[in-house]
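Shared chain: subunit A. Partners: subunit B in the first complex, subunit C in the second.
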Partner chain A sequence: MSSQAMTNTRSMATSAPARPRAAKRKPRRKTKDRPLMVALSVLATLLIWNAASLLAGVSPITGDRLVPGTLDVIRSFPNLAYYAPGSPDALLASSGAGTSVGAALKSLLYHTGVSALRLAIGLVAGIAIACLAAVLISWNRTIRRAFMLPAQAFRMLPLLALAPLFGIWFGSGQTGTYAYLAFATFAVMFPVAVSAIDHVPGYYTNYARSLGAGSARIYLSVVVPAALPGLRPGVLLSVAFGWSMVLAVEYISQGNGLGFIVSRAQEFSQINTLAVMGCILVIYGRFSYVAAARGFDRLVRWQE
Partner chain B sequence: MSTTAASAGGTAPGRRALRRASVTGAYAIAGALTVIVAWALLARAVGNPTQLPAPGAVIAAIQANWHTIPAVQYVLFRPLGVAAAVSYTAVNVMVGVALGTVLGIVLGLILARNRLVRELFEGPLLLLTTTPLLILLPFITLWFGTDRIAQSMLVIVFTMTTVTFATKNAAIAVAGHYANYAACLGASAAQTLRDVVFPAALPATIANVRVALALGWGLQAVAELLGGRSGIGRVIEITARQQATTDLFAVVLAMLVVALAVDTAVAGLGAVLTRWKED
Partner chain C sequence: MKDLPHARESAASTPPAIALRDVSKVFELETGETLTAVSDLSLTIEPGEFVCVLGPSGHGKSTLLNLVAGFLEPDAGSVEAHGDPVKGPGPDRGVIFQRDTLFLWKRVRDNIEYGMKVRGVPKAERTAKADELMEAVGLTKFASSWPRQLSGGMRRRAAIAAVFANEPPVLLMDEPFVGLDYARRAVLHDVVTSLWSRENNTIFFVTHDIDEALALATRVLVVANGSVVYDVSVDLPRPRGTDTLNGPEALEIRKSILRHLDEAMAVEEERFTPAG
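Right, the complex of A and B next:
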């Protein structure tokens, strides 16, 4: 999860003025060096990772490395097959009994599908409800200002820890999972949506009014569309944070999904499987973030 | 004592600021009251305190559970109250955010000032910003156990990554124009960093510290919920298992009040530190 989105936006909003045009131009050497620097960066990361793995030693209980190295991760990938639906037990993964990469891939695809579906439903529902609520509340400036504090308070709820509460309300079925994810997304998105509408420049409204548009038309045709680009940090934060929320709810109360694998792997001290899941989640997190950023930019490509 | 003309003139902006603060405060109270009334009406409609307790019952529970929450004592065999749980979490969050901020500022300035370090380590750090941090929790527990500082590790990592990129972006933005200007005036590299680059990066850093602080409560609570010995996460886990919803709401509400107070304090400190900033 995280905050690249917030970092980008806030730093743009608050940092010092941009450099002069001449200073912005990239030197030719930099572009030429780029692939080399990326390769060096990957190499340096792998080097540090494997050095840490060697230095950290092995677990006295399981005999596995405390920090699994690159080869440990690759070798442990087939263990994911033990988490396939209907498989005997994850405990078998500790026994060292091998299994095929194909079966592991099938298992991974199944759990990825389950988690991705939960994430998608939660995100869509949460973002839609948050935007709708923000549009309704922001209609009136007084109401909008009054809701600033509750919106701020929403942001500070210990969202990741509230999954058990939804268990009380909805049981451990899918409804509770979707409701929790939608609520958590709402809490992240709502303050951003209210703030986006609040920051629409006043001259947009004045310009439309001088052309004879009525209040309702100005709000729906000018203010709401103009606020759309401002939703970007909220959407990106929701996507990045969403993976952690899905993991939390699956870790605590679900019998499938990527969080379930993490929970079982931790239960049986399968450090290598945890490392495999870590690598997979790093890729998923980055991929979904980039996809959401590009999708959103395409949606608001009309903005200046 | 009489007031001089100068001081009288000086109080006008102060009075305006006070009036603005009063209006904002009135709006905040109205908003909070609206939410409380809606909550009370919903609780009455549900009619089951195990599902949704009324606001009055929750406030009474904060008072009654201040020193000991019976549902929690029953499980832990030791007293743990709202005050102790909230202060445990609050201290962990604040220590985590403070450590993460210091690390983030240092890393951000290094990334901004050294091109080679930036090219080598910006990519992996960027990857960390989009990684679901919860996956780090099992590793943290395995490597560092359930110590207090280990519990704050998620908050430290999150704050560090957030602040690093904010500081780096802001420092790079001023590195060309303002740094050259300072160099022309005879400033050394260290002086430029201390008196030009760092202050210019401060507004973005503080804004991101507030973001990290807001989300830090959730990260800290989930770390406590999945393996902590105290704190609101532990209380939420136990009270949810026992369906003591009123106690659960009580600890969350108390935490919210503290979180808002801390955020207000940080925002105030930020306003003082960046009072030179143009609006």
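Right, the complex of A and C next:
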């Protein structure tokens, strides 16, 4: 190439826009009335909740409201102290005597830690096994298509109903709990992972082939990373669903964890404690969902 | 084809960059009809040519490119590249697609180095080549950017650099600049012609734009109804500025191309065969 042509190229090329079109993701559009809308929706929820509480009446057995109101929930929070390891029988929780917010927080922290660890181990193992299995069976298009039907059938499994079965197979110790949580996560993730690989656009493969890449390299360096964003719904669903799974398995067979508190509270008809646990789990579910979404988006920050 | 100026036999010493002999390609449509995309087509392209292929949509331009790329197999006839039969895609025939195919999960530098890495080029050599190409296409500052952080024109430049980095003797480009504005196209035309002059490779460039073809090509083919209906040399001086492209010689070629396109549309052959 002539030097004149090259100089021309450089001058024209560098005269193009010097800054990236969008260095960062577009920030979420904030509207001025957003805080007002949030406040209104919270107020409406509180109103409906407490109206339902008043209308539902009182339990003839315990004397508590059948649908505890907001104040009932706040007042009952210290009762969680009775579920701390080594505390007196949870039956005392009905009286509310000798409890404190600090002790309740300590107890809640302990059971949260236990449940969160179980959830984390189950999620990591389930997601890893599901992705590995999807990568292995998706290597060949025919095999992948053959597995699609059973993979879709996993979606229909009554996962909560399977929890006792894992207790029978693995015993009521930690092995059974982890196995069940990993299996439940696998059942959610596997069809999503197979589908994500199946939907990788063919033009990526053609492009890599035209650059001289072989099948194995294309699969590992192109198909697998290209499929990564497609896992997002499965990961978020696993996290959201994971809390229900942990609760179910602890409810049935464990002597600690948030599900254990729910089980004991239900055993002693502690409606207010059940309502406290419901509120806490809503908060945990929301926070873990947002954290998982942000973590995943960070992992695929290259995505458009 | 034989009386067209560029439908020539390959030279005895150097095999042609691309040679198609009596090639046909028929597609079966979902409706049961068949579509003859390429019909008994013969074509020879010598090394170093910059061939632009014009023609109406759906008349076989992209099918022709895909046959040369090895993404499609002919139903009849033979396709050769550098004297060897085409048996599939390969690094000797780089492809720049109409669609953006940069790997979104790789930064610009890694995209440009991908082909070289695949071929086992040592890291120092890869880095030097990528640096040189990023400078040539004006993307040095964006070596560490993700493709999503680039504008449409910058992405096209990155895609061109990524394919040129692999040093393919033949470069196939399927409407690579469609959707870009005039200014960005002008920059990209300059980038491509500069790299082509430097690398001395063969370019097969599919486009809808006559002005683009006149700005770039050494030879223009008009493909209609699955055949080459016009084949003309473009010996305009370079760089081809506005004056050159509006000069009498360019206008004469443009008129001839338009006439052949009009004729092709007027006598559109029955390429669809009903089912059964």
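Methods note: the second predicted complex is superposed on the first by the 272 of 304 C-alpha atoms of A that agree within 3 Å, B and C clash if a C-alpha of one lies under 4 Å from a C-alpha of the other, contacts with A are read in each partner's own complex, and residues count from 1 in each chain.
The criterion applied here is as follows: contacts are C-beta pairs under 8 Å (C-beta built on N, C-alpha and C of every residue); 3 or more make two chains touch, one makes a residue touch a chain.
Being a predicted model, the structure only gives us computed values, none of them experimental.
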{"item": "Partner chain in contact with A:225 - subunit B first, subunit C second, else both or neither", "value": "second"}
{"item": "Subunit B versus subunit C as contact partner of A:63, first or second or both or neither", "value": "neither"}
{"item": "Per-residue touch tally on subunit A - higher for subunit B or for subunit C", "value": "B"}
{"item": "Subunit B versus subunit C as contact partner of A:148, first or second or both or neither", "value": "first"}
{"item": "First (subunit B), second (subunit C), both or neither touched by A:159", "value": "first"}
{"item": "Partner chain(s) touched by A:35 [first = subunit B, second = subunit C, both, neither]", "value": "neither"}
{"item": "Contacts of A:247 with subunit B and subunit C, given as first, second, both or neither", "value": "first"}
{"item": "Subunit B and subunit C footprints on subunit A, overlapping residues", "value": "1-2, 6, 8, 10, 12-18, 20, 23"}
{"item": "List of subunit C residues in touch with subunit A within their complex", "value": "69, 71, 88-91, 93-95, 97, 99, 101, 103-106, 114-115, 118-119, 135-139, 141-142, 145-154, 157, 162-163, 166, 184, 186-187, 190-191, 193-195, 197-198, 238-239"}
{"item": "In the complex, subunit A residues that touch subunit C", "value": "1-2, 5-6, 8-10, 12-18, 20-23, 203-204, 206-214, 217, 221-222, 225-226, 228, 300-304"}
{"item": "Parts of subunit B lying in touch with subunit A, wherever the complex brings them together", "value": "24, 27-28, 30-32, 34-35, 50-51, 119-124, 126-136, 138-139, 141-143, 158, 161-162, 165-166, 169-170, 173-178, 200-201, 203-204, 207-208, 211-212, 214-215, 217-222, 224-226, 232-233, 236-237, 240-241, 243, 245, 248, 252, 255-256, 259-260, 263"}
{"item": "Of subunit A, residues touching subunit B in the complex", "value": "1-4, 6-8, 10-20, 23, 33, 37-38, 40-42, 44-45, 56, 66-67, 142, 145-150, 152-153, 155-162, 164-165, 167-169, 240-241, 243-244, 247-248, 251-252, 259, 262, 265-266, 269, 271, 274, 277-278, 281-282, 284-286, 289"}
